[in-house]
Structure formats: structure tokens, C-alpha cells
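Note that the chains are named A, B and C in the order they appear, and that numbering of residues resets to 1 at the start of each chain.
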């Protein structure tokens, strides 16, 4: 076929060099600054107090497409709502907030590229975190190298705080509930029941995920110590051909309690469907994640079926907190729907903004080193998710775990545990499928 | 089409002086390229720019390694991620088991390559026995098996994945060493690919691509040849995968074994020119930085738009330049250059015995009766 | 234990039927046209979304809706082939189809994101929720319907391929494209129509998949890898093989799930590799009738 290549092919290498250099020059000149980077982020911005006009730029990479797109988009809405509220109130110390979002398509290469761009090309003042514990590791490493604080609301798995980078620099701050203890309110509730009313058996199906498994495993440990027999405890792959076989296995054992280590809505929906098929109704059904996504959950499972399903979280739309209520009503005003339809991710993102705002105000600017020191100083901050106080690892030690439940044929998402906490109403048992 | 190429190449450009001239041109071009590439991080030292360089070079390496096997033998492999991820995990496991901390972890790069080679042997022995179309799907199946092993085996720590040894370089000096390491590996890979192409081994590989049965009939030990290329390709991919692992700092089952990884490599190879070394390099240099860069532009980051755009661009390129940039570009240039030149040079104007090979070539090309085809 | 195993087997067979529905089109396309249609996963999702929209917006029953979605998907398939795939030529044609269909998949996925957003949905039609009590456990009717549809489809496609003139031209093209052209078969038209049929079939698969799983635009990726494994195991071009392979693999996975859920999926792929070692053409694949 190739007796002899045309000269273009023979000299392809040289020509590629030319083409490449041209391309690179073009890209570099268009992206603005190609000079040597500065590793200290805009400390100059805080120096001049009369820099009222300079906006505060904040950058974040989110999963707007890909596996986590439903959550990523909810997060974006949360960040945007916060910025809108802050700017409407005059900004932070008179400076308007300007957000930049980049899509990382749930890819670590992209998340690393995005944060390097935000920090070194766009020179943002602050960085907010991406969605998902799985992406937070590489992203926070980039931020840490440049001395940026990394405030986030969605990376709560222990693995996030155990990265060597965070252990060295301690600059990751998770404003949301650390996951390990989140099912404890349910355990405590079971412990509070008289022995005759306690469940006899329990099943613990868990998706293979560092976010979902620790709380379920802890719950299993505690509940078996209380005398609740484990009839099923197994980890299933995150993406099986179908959830039905394991859900059928669980249903076949007829446990009183099912604590499902789920990370997303489809898992919960599939288990619910299979339970319904098997005409099996657990007395209590707790899912680690999914039912807290508001209308995203209802649209997948159907309003009638949602009742009785419980989910742990640090926040819910009915939370009796002025800022939270305001955020919820603004969300409804902008996006429609009802209060119960608000995804918990929105609150997580909003809380990130609030924490950053308080830190900026307290330190008088956007100096990241000062912000990191401030956040580690043991101060308690406010957020729509409740109080925020960071321990040395960056986890929020002040957050309280609540258990929420759908009631009223999928119309109400209410707080049911801990008992006696303000705002708690009575738990309902799960009624048989199809009866509601 | 091929006849016109032959005609041009048999024309005066192939006079003795031209051969020397083109190799001088080629050497000069390579020198310019080398200088540009080596000086790049010094000139553009902003980390967000060198970051593109690092990823681009990583993918140049993987694509070139892919080309060493798939480009030469015609067996399209969608299993490079098997080696890439295995290299990452191998380095992670070795670093924690044998206590290689910090920058000493780089000493484990050859180990990752060895692991890749070891995996390639049984993988190749199983996969290379089947037909080409089945081969593609076997590579996909093995890929998923490895991804699932990463999820389930205890030493890989499941979904949490592994953290790389902590390299505490500061931001301004973090990307550049990775750039040079990746550059060295990429340059080595291209050199290996070039040497293979010029060698008898390369000839055997391409014979397999053209007609495997005939090659076997002519005495080529096809299984051995295919397997050797497969092993080389796998070892390189594993080594650069471990470099990626150190750069990102983490590997997880679905990032080390990413289903879209191989499709991206195939796209790079076909974009630049399937089978051509320079083409594969060019394809990687274009696709990887472009896809990364596209998502850093907020107007495209809105989600669906970038996907539609990406798909649209791929479609346009694949449909209108089906043989890739380098061959198609070559054809266009050739067509431009030979425009205006008559296809047939009448014998009368040349006259006499001076009618050398050029005349006979053109008269053959024009399809005159009895012309040897 | 016996009850669990029998339930797992029944689950596996029925879910295998759903996968066979989704794979049938793929094996036709791959076996006859040598096209690796990576977009098949996304096309299943598109079919699911179409059924979903018809059901929620126009309140059309999902089975009746097939009368609309199947022809619609057929047209989409023909258009995709005519616009993008028809022009591919050369020795590397199969790899090119891989890239082209990947690009098409990206575009379709982007459009689905735009139209439907990222939230998961599921088709919760009443007709799909009824269950039947048999062997001591329950089976959803939708799975039974899906399985029946899969079998009916295989039979129908066999009839098409072996009893009609069109089918004969398809088989001729599959065996030797040049010879088919020589006897006067319009190979391009046959190819476009076959591709269209392959895609039309996914409308049914999509409907059943959407009724039994929550999905969003991103769900297509998980599917395509399994579908490819199934058709290779069954033998490319063999419809019965696709059905058999789907049932076999999913049942295997389902039974292994009882004891080792996390390894069950690996078993799926390991089974493929093992079978291919001993039978490189799959269960029912034809011996190589044309050069690679």
C-alpha cells in the first residue's frame, strides 16, 4: 500500500511540531496568564481594605454529567442560591461573590485539571469542593499544594480525611455530617423500645461504597449487641445486572428491619420494587442515601410507595432554622415543586458557602492560610444544616444526625429521630405495599 | 488514488538529491520538535498549562503503546486499561508493602512495567487465539474482570482505592518533574515503535495484519510475534499507568479501570492515522488536551452541550477524514500539488531515449492497453 | 436454600429475557453488518424514555405504546446508518463503526440529558406491577411479558431471516458482500434496513428495562458491556444464541449472588472468557464464513 508516502507524511513529525506549538501558543495566550505561577493565592486581595469593587471569586468543579450528575446539578443549585442571597444582601464585606463552575464529568483527570485551572489560571480566591468522596481526594491535593482551603459538603467518607495530603496539611473541611455515625439515632431508638417491641431480625445489604458501608456496618454491630439477629449481611457490587436477585434473597429471609447501604436512588427503588413483588414489607426500612433526594426520589419510586422509608441526614427541608426556611422557599420560588422535593445536596452546598462567608468575614479577607487557621480554631459557625465546628481532621463534630421519614403518601418528609429532639414527630411503621 | 500517488513519487521529487534533502529536513524537524518539547515547561511554567502537558504525554505513551500492538497487527484491543490500572495498583501495593515513601516511589516504575508484562502473557495467550472481532470483545471482558477484581480483592481496598505515596513538592514545582518523566517514557515508546517498524519483527507484525494465514504459511510464528508485541504494549501501558497514579495521588477501581479509556485511545489513533506512529502521537496530542480544555470553559461546562459537541466533532472527523489526519492530510496536499500537472505526458514532447521511468510510469498509470498493472 | 436457588434461577431466566431483548438487535447488527454498535446501550435508554414519555404525558399503555416506539426507533436506526455509517469503508471499517457509534451515543446522551434532566425515573405502569404467585414466590408479570416478547421476537426475526426474500438478501450479504452485490442485491439498502430493525427491537427492550429499573441518560454505559458479552457468547449473528447466552449468564450471576454477590458479576465475564477459550465462535456462532 505504501510504496512511498507523500512528503507530508514523511515529514509528519516536523509538521506536528509546528502544529503543536502553534496550538499551544494559541491556548496559552487565550487563557490569559502564562507567566510563572504564584503559589500563594491572591493574598493581595485582602491587603487593601478599600478594594470594595473587586469581587470575591470562588471556583468549584462539579459532576454536571456522568455518574453523579443528579447530585452535581443539585449542588450547583445550592451554591448558586447562596451566592444570590449573599450578593442581594450586599456581598461579603461589600464585595460581590462570583462563582465559576466547571464540569468534571465525574472524572479524576478532569477534576485535577479543573482545579489547577481555577487556581493557577483564573486565580480564584477560594475553592469549593466537588461532589462525591471519590473525587475529593485528588481535587483537595491540588488545592493543598497551592495553600488553598478546601471547603466541601459532599465528601464525608473517612477515606477523604485519610489522604496523605490532608494528614499533612489539614485543609479539607467537610461541613456535612460525618457518615460513620449517621444511623446511630435509629440504633438508639431501637434500644429505647421495650424488649417485646424490638425487632427480632435484621438484614444489612450494602452497596460496595465507602460512603454507604461504614454506617450500616456500625449499625449492624450495635443492633446485634442489642439482640437483633442478623439474617442477611452482604456487600453487593455497585453495578449488578439487576438488584432483584439480592433483594429477593433479603425478602426471602423476612427480616423485621432492613438497613440498606445505598448510595443512590436506583438502588433503593430496585429494592423497594423487589420487596413489593415478594409481598414482603419490613417493619422498618432505613436507606443510607437516596430517599433524601426529594423529588428525585419520588419520581423514581412513585409517591405512594415512599411512605415509611427512613433515611439519615443532617438536614431536611422542614428544618426549623430561619436561614434554612428562607433557602427552601427561594428554591421553590425558582425551581418549583414543594418543600419535600428539595434535595439535601442543595443544603449541603449552601452550607459550604455560609461557612466560607463567615470565615472571610472573620479573617477580614480571602487569605487562605488565615482561613484554614480560623476554621481549625474550634470556632462554631452557623449553617442551614445547623452548627458547624471542625475537628483537627476537618470533620464537622457539631453536626447532629437525624433520621427522616416520608409520610402522607410521599407528600411530607419529616424528622422522626432522635426522639425528643425539637421538630421530631412520631415514626410510622412501613405499611404493606400498595395499600397506601 | 494510489496510482496518482505512485506517479508523483516516481516523478522528479525522487531524484537522488531529494532523498538526502528530505532526511535532512526530517532531522531538522525532529530537532526543532525536541527543543520545543523539552523547553515547554520552562517557557510555560504555569501549572495549569504544564498539567495539559503531563496528561498529553501520558496519553501519547498509551496510544503509542497501543499502536505497537494494535496498529501493527490489526487486532483492535480495548483492553489497555487492564495494564494501565494494574500498573497503578501494582505500584500502590508495592509502595505500601515495601515502604517506598515519597519520591522513592519512582524507583518502582520498572516494577509496574514488569507486572504489566506478566499480566499480558496469559491475557494474550487466551485472547490471541480468537478471531479479530471476538478479540475486541474478549479484551472488553478481561477489562471488566480486572475492574471487578479491583473492587473485590482485599489488597486493592475496594471502592476506597489506594492512595499514592505522598510527594510533597510544592505547587510551582509539582507538575514539571512529572512532565519530564512522562516525556522520557513517551520518547522511549516512540523510539521503540519506530525501531519495531524498521525491523523484521515489524514486518512480521504487518504481515499478520495484511493476511494472517498467508503469513503463517510463509513461516511467521504468528502467536509468538503477536504475543511479543502484546507484552511490550502492556508493559509500557502499565508503567505510564503508575506514573499517572503518582500524579493524581489516588487510584480507584473505576478510575484506574475506566471503560471509556480504551475508546479514547482508539479515537486518538484513528484521528491521527491508524497504523502511523506520528499519526497516533498527533491524535493523542490533539484529543487529550482538547477534551480537558473544553471542560474548563464554563460555557461548555454546562453538561450536555459538551457531550453533543464532542460527539459531533468526532463524527465530522471520522466521516470526512476516515483514514486519519496524517494520511488524509497527505492526500490533500498531494492532490493540491499535482493539480495542474498533466496526468499523461505525451511521448512526443519528451522525445527520444530520455523518456525515462517517468514516462513509462505515467503511461502505465493512464491505463493504456497492455500496461502492466 | 432450595427455594432461594429456584427463585434465583427463575429470576435469572426472566431477567435474562430482558437482556436478550436488548441484545437481539445488537447481534443482528454485529453479525450481519460487522458493526459494533456501542450506541446500543443509549438506544435502549432512548426507547425507555420514549415509552416513559408516552405513558406519563399521553397516558398510553406501555404495550400499546410499542406500536409507536418500535417504528420510531426503526426510523432512527435507518437514519443513523444512512447518515453516518454508510460511508465507512476500508479494512478498518469495524473499528471505525466503533468510533462512529460512540460519537452517536454521546450525542444522543447529551440530548437526553437536555430533554429529561439527570433525575432517575422508572415506568410505574399498573400493568407492570402485578405479580403472580408461583413455586412459593412471586414473579412480576412484566418480566414474564418481557420473556415472552423476547422469545416471540427471536421467532419473528428467524422467520424474517429464513422465510422472506429480504431475509435471504440479509443472509447473503452476511456471507459475502461482494457476491451479494453481484447477484443484484442492493447491499446499502439491506444494510440500512437491517440496522433499522436492530434498533427497532431495542424499543421493546427499552420499555421492559425501563419498567423494571430506574434509569437516566447515563444508564446506557453499564448496559453495553454486558450486551456485548452476551452476543459474543451466543455467537454473533445468532438470535437464538443471544437468548440462550443472556439467560445462561444472568442465571449464573443470579445464583452466585446468593453466596458471593460481589463476585457474581466477575463470574459473568469470566464465563465469557472461559467459553471463548474452548469455543472461539461462541455457543452458536457460525464458523468464519468470511475473511476477517
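Basically, a contact is a pair of C-beta atoms (placed from the backbone, for glycine too) under 8 Å apart; a residue touches a chain by one contact, two chains touch by 3 or more.
Only a predicted model underlies this, so the values are computations on that prediction, with no experimental measurement involved.
> With respect to inter-chain C-beta contacts, which pair, A-C or B-C, contains the greater number?
Pair with the higher count of C-beta contacts: B-C.
> Could you work out which chain's C-alpha centre is the most distant one from the centre of chain A?
B
> Chain A to chain C: how many Å between their CA centres?
Comparing mean C-alpha positions, chain C is 35 Å from chain A.
> Take the average of all CA coordinates in chain B, do the same for chain C, and state the distance between these two points in whole angstrom.
Distance between chain centres: 32 Å.
> Can you list every residue of chain A that touches 2 or more other chains, as numbers and ranges?
65, 69, 73, 208, 237
> Would you give the residues of chain C that are in contact with at least 2 other chains, written as numbers and ranges?
In chain C, the residues touching two or more other chains are 113, 118, 262, 265.
> At least two other chains touched by the same residue of chain B: list those residues.
148, 151-152, 303-304, 306-307
> Quick check on the complex: what are the chain C residues that touch chain A?
3-4, 7-8, 11-12, 15, 19, 113, 117-122, 124, 129, 131, 137-140, 212-216, 218, 222, 226, 250, 253-254, 257-258, 261-262, 264-265, 268
> State the interface residues of chain B toward chain A in the complex, per the touch definition above.
2, 5-6, 8-9, 13-14, 22, 25-26, 28-30, 32-33, 36-37, 40, 44-49, 51-52, 55, 148, 151-152, 158-161, 163-166, 168-172, 174, 247-250, 252, 255, 258, 276, 278-279, 281-282, 285-286, 289, 292-293, 295-296, 298, 300-304, 306-307, 326-327, 329-331, 333-334
> Which of the residues in chain C end up touching chain B in this complex?
Residues in contact with chain B: 30, 34, 36, 38, 84, 87-92, 94-96, 98-100, 102-107, 109-111, 113-114, 118, 221, 225, 228-229, 232, 236, 262-263, 265-266, 269-270, 272-273, 276-277, 280-282, 288, 292.
> Contact residues on chain B for chain C in the complex?
74, 76, 126, 129-134, 136-138, 140-142, 144-145, 148-149, 151-152, 212, 259, 263, 266-267, 270, 274, 303-308, 310-312, 314-315, 318-319, 322-323
> Can you list the residues on chain A that touch chain C in the complex?
Against chain C, the touching part of chain A is residues 65-67, 69-70, 72-73, 208, 234-237, 239-242, 244-246, 248-249, 252, 264-266, 269-270, 273, 276-279, 295-296, 299-302, 434.
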